[in-house]
Amino acid sequence: MDLSLNEDQRQVLDFIDSLARPFAGVPLHDVSLALESADLDAQLLENGFLDVMAVEELGPVTAALVVEKLARLPFAVEAAASSFVRPLIDAELPRPLCLVEEGRVTGPVRFLRPGATIVVVGPSGVRSFTADDSMIAPAQEDTLYAYPVAFLTALPDRMATHEADPAQVLRAWRVAIAAEMAGLLGAALAATVTYVSERKQFGRPLATFQAMRHRLAEDQVMTNSVYWLALRAAGTGDPGDAALALLHAQDAAKRVCYDYHQFLGGMGMTLEHPLHLWTYRLKLLTAELGGRGEQGLAAATALWG
Amino acid sequence: MQFEWTAEQDAFRHKIRDFLHANLPDDWEKFSEHGPASPALTAFAREFCVKLAEAGILFPHWPVEMGGEGLGPWEQQILSEEMWIAGEPRGGQYMNVNWIGPTLEKYGSAEQKARYLEPITRGESLWCQGFSEPDAGSDLASLRTRATLTDGNYVINGQKIWTSYAGLADTCFLLTRTSDDRKKGITIILVPMDTPGITVRQIPSLIGEGDIHEVFFDDVTVPETARFGAEGQAWEIVAYSLRNERLGIPRFTLARAALDRGVAMLQGQGRFTREHVRIEAARCAALCEAAGTANYAVVQKRVDGLAIGAESSSARYATVMAERAVCEFVVEFLPEALAGASPYLKMHHQRGIVAGVAAGAAEIQLNIIASDVLELPREPR
Amino acid sequence: MDLSLNEDQRQVLDFIDSLARPFAGVPLHDVSLALESADLDAQLLENGFLDVMAVEELGPVTAALVVEKLARLPFAVEAAASSFVRPLIDAELPRPLCLVEEGRVTGPVRFLRPGATIVVVGPSGVRSFTADDSMIAPAQEDTLYAYPVAFLTALPDRMATHEADPAQVLRAWRVAIAAEMAGLLGAALAATVTYVSERKQFGRPLATFQAMRHRLAEDQVMTNSVYWLALRAAGTGDPGDAALALLHAQDAAKRVCYDYHQFLGGMGMTLEHPLHLWTYRLKLLTAELGGRGEQGLAAATALWG
Amino acid sequence: MQFEWTAEQDAFRHKIRDFLHANLPDDWEKFSEHGPASPALTAFAREFCVKLAEAGILFPHWPVEMGGEGLGPWEQQILSEEMWIAGEPRGGQYMNVNWIGPTLEKYGSAEQKARYLEPITRGESLWCQGFSEPDAGSDLASLRTRATLTDGNYVINGQKIWTSYAGLADTCFLLTRTSDDRKKGITIILVPMDTPGITVRQIPSLIGEGDIHEVFFDDVTVPETARFGAEGQAWEIVAYSLRNERLGIPRFTLARAALDRGVAMLQGQGRFTREHVRIEAARCAALCEAAGTANYAVVQKRVDGLAIGAESSSARYATVMAERAVCEFVVEFLPEALAGASPYLKMHHQRGIVAGVAAGAAEIQLNIIASDVLELPREPR
């Protein structure tokens, strides 16, 4: 048992910090909540940050740390699937990677666009294809999610088949999303804490009101443990740990998203405060892989049969 | 006690539904995505409310002497419910008939009544409510927009925020400060929005176009006759108008309708089979119905002619709980709804997330419940 | 729609208030949490308070008001089943009435004792028998529930069969328990409010701390709506309303029981404060009819098929 | 980072388990219902701890100079976990090895060390902790039990409450007031419980026999040498001892074990099939594991030789959430467990409901998290 960052991990995180610094600001945006940056994406790729899982001295815990850290940025980056699932299937698949559950393809698909690789995971195995215009329906422009999303209108007749074990891919998928949610939860909490510490009401900062303090403190407890459960699930590779981590992350997200906007009052309804960039990603991830109930069922089966 | 509607009440509800069915366009749900405060819906409402007025269901709950039918609080409730479930095709005009009209009748000068009441009854006017300020959100008593009486005119300087409808409204029901007394220094002025010196900035928002604005007042000059009531009477007038609006919007009805809609979508796709999904849906329904009964208990007090007190805060908070639960249900089990698959559910989500902020933040309701329902000893200030 | 008490209802409640006044105090008790009073029970019976449902001008809403009111007393009274279920089956059945679900007879049964009438409800219909020593196993003396409970060791080979519709009995059962929980929730809230308003910590009453105020205020909202949903379910006779009322009551109970003991601090762990009389009844009722999930499923079926 | 135990750590855990298996009686679970502070379990613990001492697992985490093996924080954690999962057969003696011994070593006089350390290491002594008072529960600084130095003796008058083990303990680690300075006026005195003038009244409780007492001190007279540390040093000493006990009892391990036990009972009866039951069980497991990792993050800081700060409050609160969830799971799905069907689950329930009250109320942990982890601006006092 050793829960300290090792030297390699510290270096990777520091490097990302400096690389990401120019991308920490929130550009003005009006209707669309989905901010992306091709430049950031390219730099991450170039520096190999989305490939750390396969590096022996780094491995999955470091990959989770990377995904967690990137999720804190205002820009949505397709890091989770690329970091955790791509190495299990085929490290050369073109990004972005869009993960879709077999039999549940009607939902909004994050990062779906022409050229993206769609990976379909399910009982029949792990298959993939490259998306093109003919199979994509755009979401309405003012979708409420802070990811780029689109809908699949059809699956192609032929897909590439991969050797990978679907159960393993599913496990990695859960870890990846849990790690991403850990970062989103951390960023949303930090943004809320900053705002309520500064914003005054009734002559004192909002954060001095005990009811809000206690709720934020409980949110800190949840956020902290989502972080640890995600890292642990990455480290142990255990399917039960992965399902518990995502269940806990989705429970936490459900708990905090409404609260944080509430704490911001009117400002929480605007696009002038960036909170929505994290919460409206969390909301979509609440539904990932069927939502909390499905993670709970998966965890129960893994833990108790 | 009696938990069913009378035949007359049922008939009244059906009359409204029939009207809506006949007068809302086929693409209404998609259209209503524009948002209740958008230019498109505001324009629509100007025609729709005229028709409502013609059909006698714009203000049937007003007393006969005001031109209404003198229907009771239950009928007002039914009217509000049906309009809100339908996505509020009256746009911002719902405020006119719920509280601006009755408040004008009670406190307005003869000139003000003559000028403002008729356009309301014709379904043609739109008001905005200049209450919140950047440093006085829930804390109205600390507002700072200043009105100075000079040579028979009020000169207004200051800033309002969150103001819904501001970009399109004809008139602002504006709270101003005329002296330094926290509560007794506040005065209402009815300000035409085309008065020089008013600048409206729309703030892009999560909840739809036209819903949130900043309004700046730079040496805005209106005659003294624009004052509504006496100087310093704002606190009393606002309390009166809130009494007319105590229950606020019957949000629980839309929440329940959205839930039913969501369940139907899931059923249509064979996805309403999982036990946990069904249980969550039931829990949402329980919260909607809980909010409904809590609200009805408040309406009952109006029916009985009793003063409405802190129990309205309990009803409002119950509504916030229901709104939240339904929003979360949709997000978790029908994520596609917010990305284009259901304008109705997206409309509900955008209105739902405001429930705990608009018209008295949820935390304020909790404070009132703690102090006035539970009678807990007060917090030290 | 009329949510005011009518004159009859007001009189019944006033009468119960004066009858119950001598029983409002909490007698000393050490290990057993289950307080009963044969005297109170006899007086209630004698005055017909457990039979109001069948009285035309009173009916089920008044029965719910009676059950709610009695649940606020420190003494556990078998009022819910007698008031709501007995009239549907056979008004002459000996009390106490113990309701048991067919196929789920292993749980603790409230008020089970020799001479009690056990009503078994389920797909096979509604059957009953009189319990005797041979089929009862006592709970351990220091059971944590504030009801008298025991276990059924066996069902007799022969039971009386009743004409009643099991679905109707189940509906009435749900309403009855929801009404009882409404009263328990009200009493538990009142007891907690009184304590925290008086008890000082850090130089001021506990109730002046905003975090506790807000949680208690939310509890008030839940408690209030449990009351209304129970009455409404009694009034409409609708199975969906009944399931929603019990679901909401069980959700509320789960929410408040832990909190209230927490708010009382050390005193909440003792038997010197009577809070446990209500909370440790609520806890057992949380499990009634299978708990929240089962009510949710029943409600969903009633509402949406 | 590394989320698995080393082989040595696994071996240490198995050594403890083997010892427990060999030394706990067959009816241990039923027996442990007597409660950790009951006369029966206290008597049992006096024999059991002697055997633990002989086997070298009473205080293996103590430094070698104190007679321990100098094992690290992880091993102390493992020891605590295994004992607590087993229902804490050490009874109140767990306090001796976790913090009373180390605190004696650091702050005790030679005479005090000689008198008190050896019985601890033999597994024969029982202490109680005289901290809380009727008007000073979580607010230690306002305590009022007065100790007056007269002619070389302290004369003690006052009252303590909630005191666990008080009826059976040999010695009380007593906080007294020796001057009016809120924090610097507090002094520790080690008071033999058979000193005349001490009255112990047991308070009947939900959580088991012997767990809650009032202790009255009427002119209780002890020699000045009974003072522990200097006058006014109590605040510092308590902070030190809490640092040794910062994590408190590893409750999450028992919560998880109780959950597994409950699931097994449900499975045995074919009742672990309903989706919502399975989901709730998983949610409980997630909270237990969440508390576990949060606690381990604190242990890691001890391993790394870092000061432990407010993150221990976060870990403690995570533990309270897990305890609560498991208690509620059992109540809802295995109600028979608390009426006699499972002594183990009843034992967990009774210990679980204390989690948010004992050793720093949950609300205090939230205050600390808000101020020191989130660094929110302080509340006005």
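Note that the chains take the letters A, B, C and D in the order they are written out, and that residue 1 is the start of every chain.
The rule we apply is simple: a residue touches a chain if its C-beta (ideal position, glycine included) is under 8 Å from a C-beta of that chain, and two chains touch if they have at least 3 such contacts.
Please read these numbers as outputs of a predicted model, since none were measured by experiment.
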Between the pairs A-B and A-D, the one where more C-beta pairs touch: A-D
Report, in whole Å, the distance between the mean C-alpha point of chain C and the mean C-alpha point of chain D. 36
Distance between the CA centroids of chain B and chain D (whole Å) is 54
Rounded to the nearest Å, the gap separating the Cα centres of chain A and chain D is 39
Residue numbers in chain A touching two or more further chains are 209-211, 213-214, 292-293, 296
Residues of chain D that touch at least two other chains are 274-276, 279-280, 363, 366
Could you classify the connectivity of these chains, where an edge means two chains touch, as line, ring, star, complete or other? complete
Quick one: in the complex, what on chain C touches chain D? 29-31, 33, 106-108, 139-140, 143-145, 149, 151, 200-203, 209, 211-212, 250, 254, 258, 261-262, 265-266, 268-272, 276, 280, 283-284, 286-287, 291-293, 296
Interface with chain A, chain B side, in the complex: residues 132, 135, 137-139, 142, 161-162, 203-207, 211-212, 269, 274, 276-277, 280, 324, 327-328, 331-333, 335-336, 338-340, 346, 349-350, 353-354, 356-357, 361-363, 366
Counting only contacts in the complex, chain A reaches chain C at residues 209-211, 213-215
Sites on chain C touched by chain B in the complex: 1-6, 9, 61, 189, 193, 196-197, 204-205, 207-210, 213-214, 216-218, 220-222, 224-226, 228-229, 231-232, 235-236, 241, 243-245, 247-248, 251, 292-293, 295-297, 299-301, 303-304
Touching residues (chain side chain B, partner chain C) in the complex: 1-6, 9, 74, 260, 263-264, 267, 272, 275, 278-283, 285-287, 289-291, 293-294, 296-297, 299-300, 303-304, 311, 314, 317-318, 321, 363, 365-367, 369-371, 373-380
